[in-house]
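One structure coming up, written as structure tokens, with questions to follow.
By letter and in written order, the chains are A, B and C; residue numbering begins at 1 in each of them.
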Amino acid sequence: MRTYYLKRLSMGALLIFSVSILVFSMMHMMPGDPIDLMVDRRVSQDRRDALRKEYGLDRPLITQYVDWAGKILLHGDFGIAIRTKQPVNDQLSRRIPISLKLCGLMFLFELIIAVPLGLICAYKKDSWIDRIITNISLVMTAVPNFWLCVILIIIFSVKLKWLPISGYEQARNWVLPVASGVLGGVSGTIRLTRSETIDAMRQKYVVTAYAKGLPHRAVVVGHVLRNALILITVLMCMSIPWLISGAVITERMFGIPGMGHLLINSIVMQDYSVVQACVLIITTLTVAFNILGDILIGLLDPRIRIAQTEGAQ
Amino acid sequence: MSDTPAGLFLSRSLKNVNFMIGFIILLSIVLTAVFAPSIAPFNYDEPHKADRFTAPNSTYWFGTDDFGRDQFSRVVYGARITLQVAIVGTLIQVLLGVTVGLLCGFYGGAIDRILMYLTDVTWCVPGTVLALAVVTVLGKSLMNSIIAISLVNWAGYARVVRAKTMSLKNMPFIETAVAFGERRPIIMLRYILPNMVPALIVLISMNLPGTILSTATLSFLGLGSQPPSPDWGLAISQGMTYVTRCVWLGVFPGLALVYTVVGVNLLGEGLRDLLDPNIG
Amino acid sequence: MESTAREELLRLDKLSVDYPVRGGWLSAVSELSLTLFKGEIYALVGESGCGKSTVAYAVTRLLPGSERVDGGIYFEGDDLTKLSASKMEKVRGRRIGMIFQNPLDSLNPVYTAGRQISEAIALDGVSRLDARDRAVRLLRDVRMPDAEKRSRSFPHELSGGMRQRVMIAMMLSREPDLLIADEPTTALDVSIEAQILSILLDQKESRGASVLLITHNFGVVAETADRIGVMYAGELVEEGGAEDVFDRPAHPYTRLLMRALPRSSKKAGRLETIEGAVPRFTDRPRGCRFRNRCPGAMDVCAVLAPEYKTVNDGHRYRCHLERTGEA
């Protein structure tokens, strides 16, 4: 078991390492001189060379990479933003908690709304309520998230004037951003919950559970849900990073100063050290949640636990 | 008519409701794009200074914007951009994905491992974020945003093509071709590729909504199409600027997007029933 | 077969089950009547697709829910078809136990063997801890090697024979009066098959339980059954004491089944060597359902469904042909 986790962790580390090289080389293949982004074109060549030296941009790429990666690994230091000339960490540390709050709320509400609805659909399969929910969620997958934000703003802020368009200080500011994120993500989870539960209900061990005399409720909770929720839990866990990237748009729409907002602004300003940092953080989260998902599924499903143990040997 | 395979396919598709509705929706978009100059009452960037911010009326069906441009005409012309995104994006993805998938599946070994590791790497960066990073490097334009989205989406094609190639490779008819001394590239292109056309068609229809929506998202963020393009994503972001004054600006291009994606989804759903390609 | 003063346990009265299919109903079981007495093993034999498993699922009311059921299922005086869902829950496991084929699919992969058995025991108000001990004891009773350790194993860690023992232990745990065993030995080794059958026999002898044994394997029947019913296309075509049916089969289908047994070892014979397959009927047809495969089919068979003919007390068959010599 432990060998499996170690193997999985080292695979993850290798992936993050590869992505860091990919991102770093991408940003440094960018056309144009990064010094142009820092100072006006009219600045003298001497001053430019001094700046180049100060930021270490005169060194070979490999040295720059080792320096950059080393600082992140040893000190968690992402360097200095070339445009704003502030430490990237300062910008991140202000914004990450805001993004986490947004994603946490979105995840929570998605769970509370989507899983019960998916279960209702599964239990009332082919009834009118199932048809309504499945069809709405099918249409929702065709709705781009940013347009959904616009529509929510039009309805609730412009027409009804119930909720503010932007800001993040008060609870009422968070209603629309969270709602748009949840509405966007909920349909996938509903359909997953529905199909997993229907699949679990069709299993022969459910018939066995009835045959030994278990009451309906005990069968549903102990056998159908217990088994259906394995994959739902794991896939939801693995979907958290995608929630973060979805939040990029939500933050931009509602003017929430989170990491996504920072990422977009940095892209527009070509502030590549910030872009590097954001992409690397999001990638690390993705890999981490994937590993967490693998560990979770092993804990929940003994079949996979054994396969993992044997596979690691 | 229904004796030939094509005739059989036609008669079955006529009975498939999803396929037919999706097909009609898509056809309407293609026709709109092709005949945009005849359908649109105005040119998409023709300003009407006197009619700025007009609400939808009988002259301007979808209203006008800050330059007094007819929104209906802009939505009609926007279909051309969406069509361009769909065609170019799909082409890049299929070309990349099929090439890599074929090579990996056919030759296996080190090539396979390296290329599959590369797809693994692209998979562990969330699509939107990777596309944003690519756009940072390439710069802001519609073409660059299409390239960025394609670089994110090609891996899905590569995986399916690889799996299909590996299973086809061991079929007797391939072994016969090898025995007759056919060259490997010929075997891949003439024998293996035609056998996965149904799977590819379904895969394209499944990937198309994502390609269209992601490119529109980049345009919306100001990283794709630049003004005065009638791109629907860009139009929605302009609508957002005036959201408190004129609601119609953001609504109609979004409806056009949803209409398109619903059409593609239905078509894909129908194709999956009709072709039944067993994609892993 | 002596037939005096036998007490009735289960009686099917013109039981019919139809499944909805595209454009109509598929008749899986058609007006099937049979009686099972206390303390006997009744074998229901037929090829796959003849509706014998449907009978088992109908009795325990575990059919998928879209089907149409007519007729009566009387169990110790209750008509099971009319019982409320919650009353039916009290019948299952406690009064009727059901042993399924393919115990890998039929056991929940996320629970240990012991847990799945004790879950049933705990329904009778036994504490979790006592239930666990009982589960181990039951596993020992069904001759599970290393029962203590195996009770902590997950289904996929067990062999096919061990899984079937778990399944049987689970269904014996509440000592039901009737055990329905649906192909309990399919896909098991002959030696394990013999052990499993002896466990069923033991249930009958030690505490007078009845067994409805559903199988396509005449070899299984020969060793264990007291009475035999032969099913074809949803109908009971012949029924009688085991020796009567074995030695003097009356229905042409039964004879074909017998002939399909390899001469050398009747016991290992399977019924796969008859040509053709069991037909499926989307409506209830006129005439005899077996006529298209019957070697002795006559004109009358196409228009008139045959009535039961009695050979002797308890031995009846359903055919227009008079019984002629031995098969």
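Just so we're on the same page, contacts are C-beta pairs under 8 Å (C-beta built on N, C-alpha and C of every residue); 3 or more make two chains touch, one makes a residue touch a chain.
Treat the numbers as computed from the prediction; the structure is a model and nothing was measured.
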Request  = State which chains count as neighbours of subunit A and simultaneously of subunit B.
outcome  = none
Note = The pair of chains with the most residue-pair contacts is A-B
Inquiry  = Between subunit A and subunit B, what distance separates the C-alpha centroids? Give it in angstrom.
reply    = 24
Query = What whole-Å value do you get for the distance between subunit A and subunit C if each is reduced to the mean of its CA atoms?
reply = 53
Ask   = So how far apart, in whole Å, are subunit B and subunit C when each is placed at the average of its C-alpha atoms?
value = 56
Key: Residues of subunit C touching subunit A in the complex   = 60, 62, 85-86, 89-94, 97-98, 100, 102, 105-110, 119-120, 123, 154, 156-157, 167, 170-171, 173-174
Task = Can you check the complex and tell me which residues of subunit A touch subunit C?
result = 203-205, 207-216, 222-223, 226-227, 230, 300-303, 306
Note = Interface with subunit A, subunit B side, in the complex: residues 117, 120-121, 124-130, 132-137, 139, 209, 213, 216-217, 220-223, 233, 236-237, 239-240, 243-244, 247, 250-251, 254, 257-258, 261-262, 265
Remark   = As the complex stands, subunit A meets subunit B at residues 15, 18-19, 22-23, 26-27, 29-31, 138-139, 141-147, 150-151, 153-154, 157-159, 165, 241-242, 244-246, 248-249, 252-253, 263-264, 266-268, 270, 272, 275, 278-279, 282-283, 286-287, 290
